[in-house]
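One chain, chain A, links the two complexes that follow: it is found with chain B in the first and with chain C in the second.
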Partner chain A sequence: MAVIHDVMPAFELFQPASISDALTLLNRHGSNAWVMAGGLDSFDWLKDRIKRPSVVIDLSQVQALRGIKEQNGGLEIGAATTLTEVARHLVVRDKFRLLMEAAELVASPQIRHQGTIGGNVSQDTRCWYYRSGWTCYRAGGNICYADTPTAINREHAILDADRCVAVNPSDTAPALVALDAQMVIRSARGERIVNAEDYFIGPAVDITRMTVLAPGELLTAIRIPSTWAGAQFYFEKVRDRNVWDFPLLNVASAIKYSGQTIERIHLVINAAAARPLRLHAVEAAVVGKPRNEQTADLAGRIAVQGAQPLRHNGYKIPLMRNVVKRAIRGGGGGTWTS
Partner chain B sequence: MDFVRWGQNPWGQNILTHVSWTLFWASLFAGLMFLVAHGSYMLLSAHRKRPSAETDRMEAAQPNLPKRIERHSLMARAFHWVMAAAMFVLLFTAFLPVVGVKFPWVTWHWIAGLVLTGSIVFHIVHASFWLDFWSIWVGPKDIPELKAEVLREMGQDVPGLKSGKYPLGNRLYHLAIMVAGLSAVATGMFMMTRVRTPLFTRNPYLFSDRTWGVTYVTHGVAGVGLVGLVIAHVYFAIRPEKWWITKSMIFGWITRRQYLEHHEPERWRVMTDRPTGRI
Partner chain C sequence: MEEKTMTADTPNRVSRRNFIKGVIASGAVVSSAGYLWRSSALFGQQPSAPGSVERLITLNVNGQDRRVDVLKQETLATTLRYKLGLTGTKLGCDRSECGACTVLVDDVPRYSCSVLTHTVRGKKIVTVEGLAAADGTLHPVQQGVIDEQGFQCAFCMSGFLMATVGYLKTNPNPTRAELAHGISGNLCRCQDYDKILTAMMRGAENLRKA
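Moving on, here comes the complex of A and B:
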C-alpha cells in the first residue's frame, strides 16, 4: 500500500545538459534509470515509494529538448516543451488547433506550466490499484485488481482490455495520433521514428508498458506533418471536475471536406483503453458521407461495437457514443443517445 | 539469482507471482549445451545397432515378417503432429515476448493450449484402448536395458537387450514431457479463468492469491522445462541415426531390417499374419 512521505527517497540524481549526455547516462544505467521531465508523474511514484530507481535523470537542463520549430509546413516540438508553451504557440493555434485545445485541457494552469508534452504522452496509467503499489499484472504480478467482481473501476477500460483494464490518461496523445504525428526516439544505438499511433501499446502486446520506449531510449521530439494543417478539428474531454482532472474519455478528430462531404478523417478516442484508439471502422464508414446527424449517429453506433463494460464503467459506452457523434457533427445541437 | 518472483497482495501477504525468466534462459542454455555435448560425443561413440551378421541371422529365421512394419498408426501420427504444432505455438507465444518480440500473444496462447489439451485427451483415450498402453512406460523391467544402454554409451559392445517398440530414451523422454506437459496444461486451464475468453466466465477469485501464485509458478516451471525438452526432441528427430524413427512418425512404418536392428522381437511382437505387420 502506498505511503506518501514528505521527503524524496534516496537516489543518485543526474542533470545532463545535452541530449548526448542524457543518452550516455541512460545507456550506462539502463533499466535502473528513471527519466524525469516535468516530474508530475515521477514525483508521485517516487514519493509513494512504489518505484524505487537508483538513478534519476532530470531532463530539465537539456535546452535542446525544448522549443517548437516550423519544419516543412509542419512542426517539430521538443519533448520537454511545456504544455503551456505548446498551447500558446501561434502556429499551433493557427494550423493545429486540435493540439492547442488538448494541451489547454490538461490538468490545471500550474501543471501545464510545469508539465511537458513528452511527459504527457509518456506518462503511466492512473489506475489506482496499480499506483497503490499492489502487484498487479502491470506491476509484474498475475492479477488485475481493477477487473475483479468487487473492484472500483469507474475510470477503467471498455475497449481493448487484455488482462489489465487500465487506461491511457493523456489528453495530448489522441490529438497527436489524429494529426499523424511522429515520435522521434533516440538511444545510444541511434534514432528511430515511430508513428504516434504505434508509439502507444496496449496490454496485449506489453502489459507492463504504455509506450514503445524501452530502457535506454528517450523521446526527444514530436513532429507534426503539414497533412492536417488547417483541417476541421474537434476535441472534447469529459471529466468529473472541470480542472485538474484526468479524462473519463476524450476524443479528437481531424476532418477534411469536399464540399459538404467528409473526404478524409482521423478520429481518436482515449481513456477508453490502455492506448489511444484510432476508430478505423468509424472513419471508413463516414468517409464520403455528409456531415450531419445521421452520419454522426452511425459513427456513434459503430464506435462502441465490441465495448465490454466492467462493473462500474458502463456509463462510458453511451458517453463514448455521444462524444464520437459530436466529433463528427460538431459540438452544437444534436441529441444525446443513451 | 532468483528462481521465482514475489509480490505483495492487498492484505500485505507475500505471494508468489511468476517463475523468474532466468530459468527460461537457463533451460535454453541447458538444452543447447546438451546438443553440443551429445553431438560431440556421438562423433566418437560406438554404433549401437545390432551387428549386421546377427540381424541377417534373425531376418533369415523370420521369413514371415512383412517388409514394412507399422510403427505409428495414422491416428497416432495425427496426434503427434497436432500436438507438436500446438506445442510450438505455445512456446513461441510464451517466450518470444520474453526475448523482446512483442505481439498480442495471449489469445494465440490459450487457443493453442486448448488444442494441446484436446490432443492429449484424445491421446490418452487412444493409447488406452487402441494401442499397447504399457509399451511407452518405464519400470523395473527396463533396468537390464538401461544397464546395456549405458554400457553401449560407454563404448562397450553389449549384445542383445534391445528395446521393445520404443527405445528407453524415447520412453524416458515421454515420461518427462508428460509430467511437464500435464503440469502446464492443468495449470493453464485454471489460468484461463483469469483471462477473457468466450469459454469461461472470468473468475479471478477461484483460488487464493497464494494458490494462484503456486499455479503460475508451476505453469512457468513446466513451460521453461518444455523449452529444453523440445530442443532435445527436435535435435534427436533430425540426427541422422535417428532419422528412421522420425520417418516412421511421418509415414507410419519402418522396414523389417530396421525392426530387427533396433528392437527386441521378444519385447515388441509383430504379427506376421497381417500384411502391414500391425501389432
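Moving on, here comes the complex of A and C:
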C-alpha cells in the first residue's frame, strides 16, 4: 500500500466543548460523522483515503470526558483520559494494577500520551486486507481475503471466527473485561450501561462492527467496580517488537484466593478472536484448585479446546496454552513503568 | 520571520533550506496552495453550529505567538514545517511509527504527524528550534549529543532530542534502562541506539548540572 505523504483529504472539523454538543453534532451529521478522540486509529484511515468522512467530531476539547474519579471503592475513568494518565493514576496502580500493566504495554510513549482509553477499547481491527480497503465482509463485501489458501494470516483469529477472521487488537480491553468494568454509553436518547464483556462483539453478531456502539452513540466513561481491587493480577502481551506492535496474543487474569486455593477467577484472552474472550470453561475448571503447575496445565489444555488455526497462525495455539498457564501460575515478567 | 539556525554553514550564499524558508515566509506559495490543500467542501457555508472551528488561529510555538491559517485536516507537522518554516521537525513515516516528528505539547512528547493542529490551540509547543537559548547556547541535552557524537545520519535526532527532553521532565535522573524505555517511541534507521542512549544519558547529566 502506498504511503501518501501529504495532508489528508478535506473534512469539516467540529470541536464541541461538551458531551451534549457532541451528541447534537453526531445526530445532525449521522453516518457522515467520524468521532475522533486521540486520533491515532483515525489518521491511518483518513490518510490512506480508505474512509472518507465529510465531518470529523474531535472530542479533545470535551473536559467532561477526561479524568479519573473514585467512586464506591472503584473508579470512573473518562473515556478521553489518556493511557498515560490511566497508567500513572495512583489508585489504578494500587488497586487495579492489571489495568496499569495493560495500559503501559500499549504502543509507544508518545502514543500513550495521546491515545485514550475509550479509543483503545473502541479501535478497529488491524487486519490489513480490511485496512487496505479491500471490500471484505467487514467492509460490507462478501469475501474474507485473510481466509483463503494463499492469505497471509499470521495475526488472525484461532477462535470464534465467523466468515471474518480479524481479531481485536486492544490491550486494555481484556484487562477491563477481567475487572468487570462497565461501559457508560450516551446518545441523544439517554444513557445506557453495558458490561465490558458485552461491549465487544464478534462477526456472528455484527460483522462490520467491533463494539455495540451504534451510530449516534458515544462511549463517555468506563467504570471499574471495587470487586477485584487488590486481587492477584497477571497481564502478559506477546508481540514481535517491544514497542508499537499490537498483540499477537495477550492475557489478563484476576484471581482471589481462599487460603491456597483459587476462590474466584476471571481469565481473558485477546487477539485470539474478534473480541476479548473470557475463558469461562477454564475459570470453572480451576476454581477450588490450588495454584500450581498441575492446575496451570489443566487450564492451558482447556483454553485451546476448539481452536482452529489458519494457514500461518498455528503457533497461536501453543502460545495461548502457555500464556494461560502463566496467567494461572503467575510470576514471571517484570513490568515497565514510566 | 527571523529563524535562528544552529548551523550557519553557508553564510554568504542562499542555502536550499533558507531559500525554502524564505519562500514560505514571503507567502510565495499562496498561489499553489489551492492545488496542494483543497479547502473543505463545506467551507463558505460554515454553520453556526456548536464547536465550529475558525481557520485563522494563534499558536504558541517556542515561546512566540504565531498567527497562522490552518486547514481543518492539517497536522501539526505540516503546520510547523510548511507554514511556520520550522523544518527541524522531520517527517519520517507520517504514521506514528517512527518518532522523527516528535515535538513537545505542554511539555509532553507527541508525534506531530498525528496531531491535528486545531487540537493544540492554546497549548505551548516546543520544537527542536526552541531548545537552544536565545544567545545560541545549546540545550544541555543537545550538548550531550555533541559531547558523545551520538548520531550517524541524524535524521531522527530532533525527534530523539524532543522525546528525551520531554521524558527528563518526568524523570530527571533515569537509569540507562529507564531512559531507553522512556524514549522507546523513536526509531533510528542507522541502528545507532547504543551511542544515542549514551549521548542522551550525558545530556541528562548535563541538564542536572545546569
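Just so we're on the same page, the second predicted complex is superposed on the first by the 326 of 338 C-alpha atoms of A that agree within 3 Å, B and C clash if a C-alpha of one lies under 4 Å from a C-alpha of the other, contacts with A are read in each partner's own complex, and residues count from 1 in each chain.
Everything that follows uses one rule, which is that a contact is a pair of C-beta atoms (placed from the backbone, for glycine too) under 8 Å apart; a residue touches a chain by one contact, two chains touch by 3 or more.
None of the values given here were measured: they were computed from a predicted structure.
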item: A:205 touches, of chain B and chain C: first, second, both or neither?; value: first
item: Chain B versus chain C as contact partner of A:17, first or second or both or neither; value: second
item: First (chain B), second (chain C), both or neither touched by A:61; value: second
item: Touching partner for A:149 - first (chain B), second (chain C), both, neither; value: first
item: Chain B versus chain C as contact partner of A:8, first or second or both or neither; value: second
item: Partner chain(s) touched by A:141 [first = chain B, second = chain C, both, neither]; value: first
item: Contacts of A:245 with chain B and chain C, given as first, second, both or neither; value: neither
item: Contacts of A:308 with chain B and chain C, given as first, second, both or neither; value: first
item: Touch count on chain A, higher of chain B and chain C; value: C
item: Set intersection of chain A contacts, chain C complex versus chain B complex; value: none
item: Residue numbers on chain B that touch chain A, as the complex places them; value: 5, 7-10, 12, 15, 17-18, 97, 102-107, 194-196, 202, 204-205, 209, 212-213, 216
item: Complex contacts: residues of chain A adjacent to chain C; value: 3, 5-18, 21-22, 24-25, 28, 36, 39-40, 43-44, 46-47, 54-58, 60-61, 107-111, 113-114, 242-244, 336, 338
item: Contact set on chain C toward chain A in their complex; value: 36-43, 49-53, 71-75, 78, 91, 93-97, 99, 102, 108-111, 114-116, 118-119, 163, 167, 170-171, 181-185
item: Residues of chain A touching chain B in the complex; value: 1, 133-135, 139-145, 147-149, 161-163, 201-202, 204-206, 308
